[in-house]
């Protein structure tokens, strides 16, 4: 084991404050992100979507049309109810056009759809993270029988073709409270993937001497797991979370696309795409608008996750 | 090694059994009464009872599950008398809605799914490895950043959106490709290829993106390994350094991950096959879900689980075959 | 005429100079020790000679090997020298061996890449002989083993065997024994000495262990922060160190058969 | 012997299951890492365990510090049998025995500040921190020769030698009677190594703790130890007073070990010392 | 009356030969006619199966009429109306070459009693005087209600008179089968065809190929033209893709046809070339909202009338696909089903609903502030759009509609179970034959047919006056008189407002440019008269 030179330089260098700030692990991620224009762009877009979700009722008041209001004047009853005017009925009245057949305002539905999509994605991420971290920590730290049981459980859950099973189960379950069901089902099948990584990390962290040092200092096992090991998983969890959110946004949209997602008339982006499928060559905007919003959101999270990852672990990988 | 293998196979069987049990239980609890489905639109309670008795649907759960297992290993008959249908082992069930043996339904569609899956796998492996290599070689340069941007895009666009967009552009507008249909290879290899291009692309694109990233990261990692430096210090020709010392270690994990992804492909095939109307197992699953044809859904779920579990095992074995360190250790 | 002459060698990573105007000379069959604490640029120097500096390193100065300036040599010609006339042994033998190939393959590979038209079988024979030369027992059988099946000391022997297979004129060993036990270290050092006796190869031994250098080298270069602090014959450096840093370094060495008392340290404290 | 008997180990045996040999109905094969080791450690004494890699030195140290459970044998701490203590009952052991580890970076939690690291033992043992956490840390840092203002830094901001000092500071926080140093200087450059050895020597002189010093570098051991135990393959093959062991090794293995140590020619050393004296 | 407009019939007549391709999203329910029982598969059966009596070809003068098929003439009924006798035409054969005998007719019909097979049309089981213990020919042998005095004569014994028995025999469950066949799942490999085509290849869920049945003799069949040499049903194609293919008409797709186009496609059919190919055909199916009279609030007739008044049928029409895709309905019996009478009890300007009047009625019923109503809808885009439209329009009178989305697969089962049914449900009804309303009003409004499971009377209306009237009309032997009476009953029922008639859907077909003979006066296609204009094309 040789000591790398950066530490030596730190040793040789006089005590200066700049060094402290630059390597404070708590601040570095933000620091790196805020210096990266693409990360900022992603943050801005995500911020807009989040604000849209939070202030949906207010925004809709400003734009004039609610997500459920039919506008018969905006569609052509003679042509299967296609929006009047070009570009899917985009006008001063309807900023992003209207839905065929009902004339509902797409902008309002996008705004409300952000709600459903974000809520489910964030909810599922939160639940998955909690489950994944707790089980991963337990399995990784205690090993032995605990690990055996948890690992088998994970193997069992991962053996399920998650998408097929989710669709099947969701389609058979009652449609009320779909949001919660979606969160639950996604999380149940999602946590093993996080837990597996947390477990492996915990196992290698356990080998690190500071864990033994804490033990020698008299730390109890819970203390050890939660105050010594958990903080070291922070970057892993951070990266996983930034990557899980877009994953779950996609999953929610996919399930809604397949008709087992959020129940209408509540809009979600996936469901909007799903209902636009039949219209994609007639009213392309109907399909493009939610598709673009969705793809951009996923992309933003992906890029952000990428940047977070390289901020956390500059070595690459 | 033998003991390891035995342990592994036993573990696999256990997982499969649990998956079967759990799946059966879930569907047993959620399933609408198949007797009602058989009974049709105009149905009387007596007829329902009769059907139930005939098909053993009034047995308690454990008995029904045992029958299911029995069918799986020994085959079984559905119905009674001349209207009975024999379902030989491995019997995955009987679709009351379409009056067919589920095993046959799946076997019929498996070849199409195999074509879709294998084609996609070839495509994504090729694209992923080549893209990743290019990206790694040109690390930090324009090509690398361009490929990285592409992969991010590839992972962000949901595949059903992509499917429709590609179909709109290449089929509807440009008319370069036909509307995808499962043309058998034997009928017309050219058409076969043209028809499958879109499904392959759509199914492959997400995987190709993540494989590109993975390959890139692995290659960059491997290139900084000491043994690559050793190889160069030996004065090996660059192509040998690359082929033998950089690529093999970099691609080994990718091969094994590919094995797992391939095994889990049935789920991905579901959306692709549905969007393009390709009659494979994925479409069968999607259709059965809309029709609520539980025996079929369950069979497909089990089949997919089987692929995943067996795939995992094969990958493990493969890994120990190509990585000498694992081979000797034979530990999990 | 000297085998290797390094003159004003400078290695930079961007603005950071990690080797700064280094110079030394090594006669044919001679042995040179480079010592210095961690990060002083020892490895960078050796890699510069091999032409294997990592990406982003800028190397200037003269590296003249048998009259050829390696620093300006084309990569093609450099490759012909590398592994054939100059061989290198690295510090960590496990990570320096490719886990996917048998040690025999890896030794033979070095040989075959410099001898055209050598059959696999013949190269394998060379590998076995090389392994026998470094005292690996049952070489004929172990030639087909993988690196992880060898102990640390044996791996390092494999590395040496690999270096020897082409009968190089210069062997560069970068901390070849740091990862090993004292007893194994002694064996490896003996082995290197034996090999040099047999083949007449020159040696550059890089280490931070002064005692090791004193046993192996004819000439010693002491480095600190990329600079040469002092150069001289081994005897001179150890019996009459001129530079205070060298003196302090020697004072800090704990001795097995010498006085016990406070070890002198460099500049004290932190 | 210098002082009271602090640590008494008798016939320590430790077996580990060999990974991957466990069957479905069969326990794993066992590997004996330590096969019956006994020693005594007195206050003010430094007992060095030496031996090649894998000879069981660290395992012995961990058993003595009750970081591992013994397979058989006894550990007595200041006259108390602590061999089978578990959980809360271990508190006394943790107060008495502290460990300094080999890898200065791996042994410090990279996510904790120096202050948090150094006060951790007191925190974990739910003890009051005399003079408050800050002051206490400053005092400790000062004692191990570090700048007291560095208490808010993270481990990554230190050099190896400095990090090792933090590790020592942590061990000292509870005022231990026994300090176990597992290869505490092996990873350091000679000059830094010398500093740490000096520091340990000074601290021991002040505190009078007993030190179990594990190393494979015999030259280092000779500098610091008062007595030496030579281990190979999980057993002690030779033990005794430092000068006896070094001066007149009895066991073949010890002799081989000593012979293998590289040395600078004595005539050069003599010449150098003469020159230095002249200067 | 037939209101077929435009049409592939123009611009060329069908000729013999070629292969017609039919593009479908979903598979046929069953190739076994005793099990299949829906518009789609019935059209297919017509190509391969024959029955004693059948519906007249779509291009006939009266396409609703019943005409003899295997039988020499329509049934001869006894004076008491309980015995119906048919004589089989000479020279009719199965694809095996064997002659179709009365035994085969009896065997085929009896299959409907097998509990696992007979899931198709129920009328035979309801009408024939077969004992309750009978479980089909495989389990119970001979069906005592059918007699076969000789090889060409079949005699049916009924429980009660049923003047429209001819129509009952046109149902697919009356297809003859060679004695002893049709068990298990042999249908996947082969069928016993009696019609002009026979199964050539069948891959469930993806393709059905039909070839000519050499043993079918055109001379014995007045209704089927059987122009093409083969049929190719391509199954499992996405609806939008089908439309794209039909519009593009590339290669062999000129010979393709399909079911009704997607709503979205309508806008693209406005070019002259496409407009020419479009066939618009009103169906015989009514989309309606069943109001569950057994529920609180809705049990009050004024509330139901208020709902009828408040619903904005124009919005609903747009949700259904606009005026191309459906016609607003005010009556129960659609206009092209015999018995239709034109009236509107709940009029409003522009059919957007009469909010004032509805509110007044609700106030009268003691619900001035409205109430909450749960509406069952299917997880299908159209149904959801319709549900949302109803939600919007009832909001205007204070009725808060909660949409209860039920999976498409279990939807009908759920709403047909009174214990699981909610306040209201969107559903539809098609008559089994359009020659009278006897399969329209009685199943939906006969209070005595309310069952615990499989209930069709969603309104759970049990009005003695209506029940008696139904019995009276059913017994009428004069069809014209009966149809007039059905029309009057229609209005009487609507006075009670047990349902809200929403609209009658149109089918909009876009056959390939080379397809000829597509006429659909009752909405459904008649494959038996369709062919190619140029057999060598595509």
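The letters A, B, C, D and E name the chains in turn, as written, and every chain counts its residues from 1.
FYI, a residue touches a chain if its C-beta (ideal position, glycine included) is under 8 Å from a C-beta of that chain, and two chains touch if they have at least 3 such contacts.
Model, not experiment: these values are computed from the prediction.
Asks: Measuring centre to centre with C-alpha atoms, which chain is farthest from chain A?
Replies: C
Asks: Is the C-beta contact count larger for B-C or for C-D?
Replies: Ranking B-C and C-D by C-beta contacts puts C-D first.
Asks: When the C-alpha atoms of chain A and chain C are each averaged to a single point, how far apart are the two points in Å?
Replies: 51
Asks: Can you check how far apart chain A and chain D are, centre to centre, with Cα atoms defining each centre and the answer in Å?
Replies: 47
Asks: Which whole number of Å gives the spacing of the CA centres of chain C and chain E?
Replies: 90
Asks: Considering chain D alone, which of its residues make contact with at least two other chains?
Replies: Answer for chain D, listing residues that touch two or more other chains: 147, 161-162, 189.
Asks: Which residue numbers or ranges of chain C touch two or more of the other chains?
Replies: 38, 270
Asks: Send over the residues of chain B in touch with two or more other chains.
Replies: Within chain B, residues 172, 274, 290, 292 contact more than one other chain.
Asks: For the complex, give me every residue of chain B touching chain C.
Replies: Going by the criterion above, the answer is residues 225-227, 229-237, 240, 244-245, 248-249, 252, 322-325, 328.
Asks: Using the touch definition from the top, list the residues of chain B that touch chain A in their complex.
Replies: Going through chain B, the ones touching chain A are 15-16, 18-19, 22-23, 26-27, 30-31, 152-153, 155-158, 160-161, 164-165, 168, 172, 217, 220-221, 264, 266-268, 270-271, 274, 285-286, 289-290, 292, 294, 297-298, 300-301, 304-305, 308-309, 312.
Asks: Which residues of chain A touch chain D once you look at their complex with the stated criterion?
Replies: Going through chain A, the ones touching chain D are 1-3, 7-8, 10-12, 15, 19-20, 23-25, 208-210, 212-220, 223, 228, 231-232, 234.
Asks: In the complex of these two chains, what residues of chain C are touching chain D?
Replies: Touching chain D from chain C are residues 37-38, 152, 181-186, 189, 208-212, 214-215, 235, 238-241, 247-258, 260, 262-266, 268-270.
Asks: For a test of understanding, state which residues of chain A touch chain B in their complex under the given definition.
Replies: Against chain B, the touching part of chain A is residues 152, 155-156, 158-165, 167-169, 171-173, 246, 250, 253-254, 257-260, 270, 273, 277, 280-281, 284, 287, 291, 294-296, 298-299, 302-303, 306, 316-317.
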